[in-house]
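Take a look at this one; I'll ask things after.
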Amino acid sequence: MEPKDYIAARVAQEILPGTLVNLGIGLPSLVAGYIPADAGVFFQAENGVIGMGARPPEGMEDPDLTDAGGGFITAVPGAAAMDSAMSFGLIRGGHVDVTVLGGLQVDGQGRLANWMVPGKMVPGMGGAMDLVGGAKRVIVAMTHTARGAPKIVGTCTLPLTSERPVDLIVTEMGVFAPGPGGLGIVELAPGITLEALRAVTGAPLAA
Amino acid sequence: MKSALKTEAAAAMIPDGATLMIGGFMAVGTPHRLIDAIVAAGPRDLTIIANDSAMPGKGIGKLVSAGLVARMVVSHIGLNPETQAEMNTGRIAVDLVPQGTLVERIRAGGVGLGGILTPTGLGTLVAEGKRIIEVAGKPYLLEEPLRADFALIAARRSDYVGNLEYFLTAQNFNPLMAMAADTVIAEPEAIVPVGVIPPDAVRTPGAIVTHILERPA
Amino acid sequence: MEPKDYIAARVAQEILPGTLVNLGIGLPSLVAGYIPADAGVFFQAENGVIGMGARPPEGMEDPDLTDAGGGFITAVPGAAAMDSAMSFGLIRGGHVDVTVLGGLQVDGQGRLANWMVPGKMVPGMGGAMDLVGGAKRVIVAMTHTARGAPKIVGTCTLPLTSERPVDLIVTEMGVFAPGPGGLGIVELAPGITLEALRAVTGAPLAA
Amino acid sequence: MKSALKTEAAAAMIPDGATLMIGGFMAVGTPHRLIDAIVAAGPRDLTIIANDSAMPGKGIGKLVSAGLVARMVVSHIGLNPETQAEMNTGRIAVDLVPQGTLVERIRAGGVGLGGILTPTGLGTLVAEGKRIIEVAGKPYLLEEPLRADFALIAARRSDYVGNLEYFLTAQNFNPLMAMAADTVIAEPEAIVPVGVIPPDAVRTPGAIVTHILERPA
């Protein structure tokens, strides 16, 4: 299994039945594929729909039904469409149960940086700042390192997305709960030792 | 998916001292079955956030007549002499709020704003004790968000996800209040199977509705 | 003609074709009866409809279609229903062309008091403060006196509705444009002399 | 009642230096015919307020490619490398705004608020130069309203009053922007007779729409 599939499958275990979930583009969007259809989980696309379904069969795409990345989607039974004020009202008002987002860096206390690399890549924050600040539970889904360098760091060198700490970090090496005392280890992925983890983790591990 | 809740069970959830947002405008778009059940259950010292106190014997007026209300945050009590009398004797504390400001304060509570700046009320009794903030050289009142323990919502139709559809002027405060309470109880006139309400007709997504009340008897 | 009918008919002349108009309850609501059906004027009821029509025939009332006073209405072709946020967004955002409101007192500069008589009558302001502050043009429609006492006064003794002055006052004695220099006379009603006006007007008349 | 406006006549209304709000999210729910006509007319130094700058050759991306844009207020430019390049060379000034804050700032401009208080952006680059206001012991950023000279709105259907109906995720910013501009030009996919759109399906009342664009050719 590829790291990103492992990560997505593991994040899926954190999603409770009957919840409202917002998945970021890229790796986080893979999580939907690991949620049983009968779990009663509703996915929000922040461009204006709750009840986003899978990509439609070829020839059945509708130009007016897309996800936040602009890709074609379907609507499940019980879906609701809305304008951006309602969509972000749900996000910022604490009505979204879980958001899963990618990360460029997270520090040991859980502060996330995921929206720009100054001088190199400035895509803009889109809805990320609202999601991190507003969702009830924030999960970061990312590979543990980028070109060998730790993405979990002592202090973020990239601009922060929010001062609110995220709740959980899932990588191919394990599941981590950041906190004031440093990075807590919830579980290590099969075959990962504490030494191996420490070697590629920039933040202190919690006692 | 949610199974429909018995009206008595819904009313029994509301403890003494609870804060309730109740939809409706002069008793139009008000959850009447819930109100009748609350009058029967009789919780005391309620705080009611609503547009108005309707009329004696109608809608929110029934809660006033039953002596269940300690405080009201409303824009208008002119058609309910009982509320006015209770206010004058001090039995009910009434906060009168301009209607548009009431709307925005409820919305702010529902969408996570810390407050809003409005010119409405400047230079009037409404401004007393409030902060004035200048933006671009103009003064505005800082109005703070409102939230409630329960929102009691009247809808035309619900499905079993809790998606709500409203009708004409019965919509009013309902979709706003459904965003601004810890527990949201929707009283639909009809419950339809999931998939029947078109996505664009949904004004309150089921994800934020805690309970759907059973169909009318 | 009763004073209130004269006032309503005169106010109607101020309503331009194609405009969005909000009429207060009581006397102002009579204005609608003097606007031609083909003028393209849309009436807003702030409880959530634009395109309010006349009272329905008996037996055709709908409990979910009422005006801001709770009375049954109809909807004209092209009507739009909305929630209170949109309705007051239109009012407060300057999208309503004209509002016509009743008054308890107005001073010569146009400051209106129409929502309470301390210790006697405290109905609440409803939407009046929003309408006076937000509508593009504010017209007060009221009888010139109450039990013989002037309602246009030097200084309002009742609590103000807004610090924004109204644009026009229409009574059975004439049409008046309040301003910093005092009450301007736009026209006197037939048979009304300046002396008669002065005798029942508490505010100084503009030069 | 409004008669439909020719696309070229609509584009000709927009002068150099105008501020435009343009509906759409990654070119979905964007008024494409208007954008093509504006590219043809070629007004310069435009300020664009929108969710994003779409992609090169699509929607708002066409305005960027044509060199008509001096400033953008947007939440995301990640899918348009041209916008990023123009920002890096300083040819386009880009204000990046959190999407939810952008929504609320546009809404505030449309509904007459002097500003809103939000926690989004606290402790980040977004907070630079902004006032922090405490409410109930918590800090919030004061975010100011946005307004435009023109709002260019994409709708599914219009009637000749200008009532607008939207469809699924093509709704997005359109109903908010229609409230926040001096001149509102709606580009519907279809125009229907007055009375055909049910009152509860109208999301933008015709009273605030200045012009309806002619039907697609």
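When the chains are written out, they are named A, B, C and D in that same order, and each has its own residue count from 1.
The working rule: contacts are C-beta pairs under 8 Å (C-beta built on N, C-alpha and C of every residue); 3 or more make two chains touch, one makes a residue touch a chain.
Remember, it's a predicted structure, so these values are computed and weren't measured experimentally.
Visitor: Report which of B-C and C-D is connected by more C-beta pairs in contact.
Guide: Comparing B-C with C-D, the pair joined by more C-beta contacts is B-C.
Visitor: Taking each chain's centre as its mean C-alpha position, how far apart are chain B and chain D in Å?
Guide: 32
Visitor: Which integer distance in Å separates the CA centroid of chain B from that of chain C?
Guide: Chain B and chain C have C-alpha centres separated by 28 Å.
Visitor: When the C-alpha atoms of chain A and chain C are each averaged to a single point, how far apart are the two points in Å?
Guide: Taking the mean C-alpha position of each chain, the two centres sit 54 Å apart.
Visitor: Using mean CA coordinates as chain centres, what's the chain C-chain D distance in Å?
Guide: Each chain reduced to its C-alpha mean, chain C and chain D end up 34 Å apart.
Visitor: For chain D, write out the residues touching at least two other chains, lowest number first.
Guide: Answer for chain D, listing residues that touch two or more other chains: 104, 107, 111-113, 118-119, 166-168, 171, 199-200.
Visitor: Which residues does chain A have that touch at least 2 chains other than itself?
Guide: 49, 75, 81-82, 85, 88, 92, 134
Visitor: If we use the touch criterion from the header, which chain pairs count as touching?
Guide: A-B, A-D, B-C, B-D, C-D
Visitor: Could you list, by residue number, the parts of chain B that touch chain A in their complex?
Guide: 1, 107, 110-113, 159-161, 163, 179-180, 194-195, 199-200, 202, 205-208
Visitor: Which residues, counting only chain C, touch chain B once they are in their complex?
Guide: Listed in rising order, the residues are 45-49, 62-66, 68-70, 75, 81-85, 87-88, 91-92, 121-130, 133-134, 159-164.
Visitor: Report the residues of chain B in contact with chain C in the complex, numbered from low to high.
Guide: 25-29, 51-52, 55, 74-79, 84, 87, 96, 98-101, 103-104, 107, 118-126, 156, 166-176, 203
Visitor: Which of the residues in chain D come into contact with chain B in the complex?
Guide: Listed in rising order, the residues of chain D that touch chain B are 104, 108, 111-119, 133, 135-136, 138, 140, 142, 144, 166-168, 171, 199-201.
Visitor: Which part of chain A faces chain B closely enough to touch in the complex?
Guide: 18, 20, 40, 42, 44, 49-51, 75, 77-82, 85-86, 88-90, 92-95, 134
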